[in-house]
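Look at the two complexes coming up: chain A is in both, with chain B in one and chain C in the other.
Up next is the complex of A and B:
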């Protein structure tokens, strides 16, 4: 079955894979530099010890968790239109978890001591639990996705033990993003993160990001492979994106109210730093306003039924949602907590070329895996629909 | 039962190694004669086997194929599955030897609820085989450091990659662990899947137990009961420089390891493990599938006296014409 990911693919697909391989090579090269010299080649410092890597990790945990937005309606509410898209969601989840784990590995100064997290388990640490839930989620999705696809390929029903695993994966998806949020909100010394809203906001923004990405992927798949996830599935997903995006923006605005109405200094510093700059430090001002603009654009296009139903505008809305939240969760949120160190001083952070190179490499790897997985199930679906099982 | 005998044989070999290693008087035998004899048997036996196979004529094109043969221009040929030229054969052999392509294609037949037969993939054999063979290769290459001063760059580079992860600041050689996982996986397949168990003889378990024993003793020596490596290296170097040194302070565990390795080497040429050499010489894999393009004639066919139609017509042309039969040549 696996060979279908590669066989019968055209030269365009192979060129795409080759381009991704090249990007992965560049990422790998950047990483060898980092491995040789140490984390000094990144923009991180004593004061800002988490940067782009951890931000990207957080963002992709959200992408992974968001698979539940198609799996849950399909399995718990019998929303049949999501039947074709659940496997897309599962592949996305598997790929995103692999990317998450890689983002963690590249953030380690001494990756060779990786095993210590299991050799010396410390259940008091949220990071330890994150390792458990992420790996668990990875295997749950890999096994269930594989078995469901195989059942379609062979025409033989998936074994009975697959069903319970699918159901376990649903709450598990919420757990991975909750635990990731607790990594942040469990740190009492960082005001910006120290709010009970972190976990719900993470989930809400994840449920906007993931379905937005799924819509974009579905539209791309229909265009390039002829695999149609279904008009109705896309329509329903766009409603999910609309609700989740509205809730996300609402929660972000609620943060502003708490910070500025109550004049909480720790909360105000980060928000001021983002939108006006703080003590002359302003490297995040531009991308913060881009984020705000994209959020507004996405909301206008999503809340208006006419534009939401129009595929061109929906594409713009989903792309804006994705990019906006990739900025917010993918870098800003992480760095925001470190702005103003314990002495009230601002140390700025901006990723170096090496960091961008490594991140591009991991994105390319994710796209590579995803392309192969899509190629696999598109062929399998096509064969099973033609009765070639 | 047969499996238990195989297990007992391997345990006995290990026990002999242990006893030999604990008696200083037997050091000469277990530390020099046995490994040397084993290596000689291995080399001579291996060469003889391969030589024998190379001498065996293969007059016919008997390649087995899994794809469309080269045929009419508008029919797509499966260039790797059914190669018609040397490049294709090299690709097929490389895919076979390096990636175990045949095993990757493994499926099992199952009848679904609808009564139709389906072929779910079965990748476990491929997975464990790949893990096992590649990690075994890495382990063997790493052991070359015992026979060179200084150890070759290839070995040191491999050690760096293989031992990237640290176990309490000591490199953890993944290949050793994966080798053991591979062997256990292959063993479990033989025991758990009833059809595979049915076709397993006792002798099929011997290499699995032997190699598992080698891997376990190796891992024990490295991580649990460290041995005197300097003494071991002085001994192994003495083998290749042909100036025997027999250090006295090597733990018996090492001799268990060494005896198991010697047993494996000595038995190798006479066992199914010879597929290591045989894979290169298997006619069903290394031939071009061109039986439709070229006529393959058996060179030692008995010279049969033939009488073709042309000859027949030459002989009887006049008579054929006479009674009005059509002829090819006028």
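Up next is the complex of A and C:
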């Protein structure tokens, strides 16, 4: 069945893949420079010791987890309209987990020792559990996604053991983002991260980001491949994005209340740093206001039923949601924990060209895998719908 | 004709002798590697340090220089990516939540030596995914440079900024390599080890020994007769960030 990812594809698709390969090459080249010199080629420092890589890792754990927003209604609430889109969600989950693992690997000072996490299992470490839940989630989605697609391809019902795995994958999706949040929210001395709201906020923002991305992907698939996820599926997804985005913004505003009403300095520093700059350090002010503006735009377009139902406005709303939360979780949240440093000072961080290059390479790899997976199931669906099984 | 790989007895003996001589400086390490305790090794239930900052002349760096020289700590060209085991900070930077803008004249000028606190409840040890950082029975928080994967979770978890990452190769930036202590590679985290290599052969930490003012005291926190307990009993002392529950074992007389 795998050959259908490549066969029957046109020159435009092949050119797209070639372009992605080029970007992956650029990323690979940047990574070899980093591997040769060390993480000194990044913008990270003793004071801001995690940056864009860990931010991107966090963001894509959210994207991976969000597949549950189509799988859960389909399997637990019998929302039949999500039938065509669950496989898109599962492909997105598998791809996002691969990207997450790559973001961790490129962030390691000693990538050759990666297996030490398994050789010296440390159940006290959240990172150890993150490794377990991410790998588990990867295999659950790979196996169930594959078997469901195969069933459609061959016209033979998927084996019985697939069903329990589908159900296990549902709570598992919540676990990956919760454990990732616990990496941040369980360590002392980083006031911005040390809040029980981190895990719920991560889940809420993931459930806005993922479905927003699914809507954008569905619209793109309909345009470029003729694969239609269905009006009703997109309408339902847009409602999920609306609720999740509203809850996310509510939680972010709740953080502002706690910080500025209590006036506890440690809780105000990072928020001040983002929106006004702190002690003259202001490299995040611009993107923070872009984030705020996009959140507002997305909320206005989503909450208003007229614009939400209009496909053009919905596209703008979903793109705004995705970009806003990619800024927040993809970089700002990680850096915010390091403001201020343990001595009450601010050290600025901004990613270097090498860091951006590596990140672009991993995004391109994700897009490459996703394109092949979509090409595969679009062909399989087309064949099964034409009765070619 | 000389056979390939042949070696005369004379050369072999010379080489063996030279190798044995070369081992002398690292013999304490060999004793440890063999799993035996050195007869003079200092032992304690809980090592701790008291720093009498009143005796620290402002800007004095003697302890740092001695430590960094003994442990092959480099001076990296980019100060943002520097490596530090023990270094000096102002009163306000050392105690950011316990200080105010109007310190007494002495404290306004004074610099405090800061180092790893060898916490009783170390968050760095808790988060390490490979146990590359671990706590010994005597309370010393150690680093295994050969196991560290460089994920820097411990740096995020340390509230004291006591951990350094080797962002680039440290070796070209070490002023003079001390052959009796290992150098580190790119990509691993390091920090103060309470001079475990010296305790193991009966010597006090090098900062304690190097300080001309005898401002740094070292001893067993569980022993009421130890110099640290006596200093704690006789003086008002501060720990850094007690609120976080890490229970630091470096105390400051202010």
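To be clear about the criterion, the second predicted complex is superposed on the first by the 389 of 389 C-alpha atoms of A that agree within 3 Å, B and C clash if a C-alpha of one lies under 4 Å from a C-alpha of the other, contacts with A are read in each partner's own complex, and residues count from 1 in each chain.
Just so it is clear, a contact is a pair of C-beta atoms (placed from the backbone, for glycine too) under 8 Å apart; a residue touches a chain by one contact, two chains touch by 3 or more.
All values reported here derive from a predicted model rather than from experimental measurement.
On the superposed chain A, the positions of chain B and chain C stay apart, so the two partners fit side by side. In the superposition on chain A, A:124 makes contact with chain C only, not with chain B. Within the superposed three-chain model, A:156 lies in touch with chain B and out of touch with chain C [touch as defined at top]. When chain B and chain C are set side by side, the one touching more residues of chain A is C.
Across the overlaid pair of complexes, the angle with its corner at the CA centre of chain A and arms to chain B and chain C is 90°, in steps of 10.
Once the two complexes are laid over each other on the shared chain, residue contacts for A:253 go to neither chain B nor chain C. Residue contacts after overlaying the shared chain place A:22 against neither chain B nor chain C. Contacts of A:114 after superposition: both chain B and chain C are touched. In the superposed model, A:343 lies in contact with chain C only, and not with chain B. For the pair chain B and chain C, the model built by superposing on chain A gives 7 Å as the shortest CA-CA distance. Counting contacts by the rule stated earlier, residues 111, 113-114, 119 of chain A appear in both its interface with chain B and its interface with chain C. Only residues 104-105, 110-114, 116, 118-121, 123, 164-168, 172 of chain B touch chain A when the two sit together in their complex.
Across the interface of their complex, chain B is touched by residues 1-3, 111-115, 119, 150, 153-157, 389 of chain A.
The touching residues of chain A, when paired with chain C in their complex, are 37-40, 42, 44-47, 49-50, 104, 107-111, 113-114, 116-117, 119-120, 122, 124-128, 131, 183, 186-190, 266, 337-338, 340-345, 347. The touching residues of chain C, counted against chain A in their complex, run 78, 80-82, 84, 89, 92-94, 96-97, 123, 126-132, 147-153, 155-161, 163-169, 185-189, 241, 244-246.
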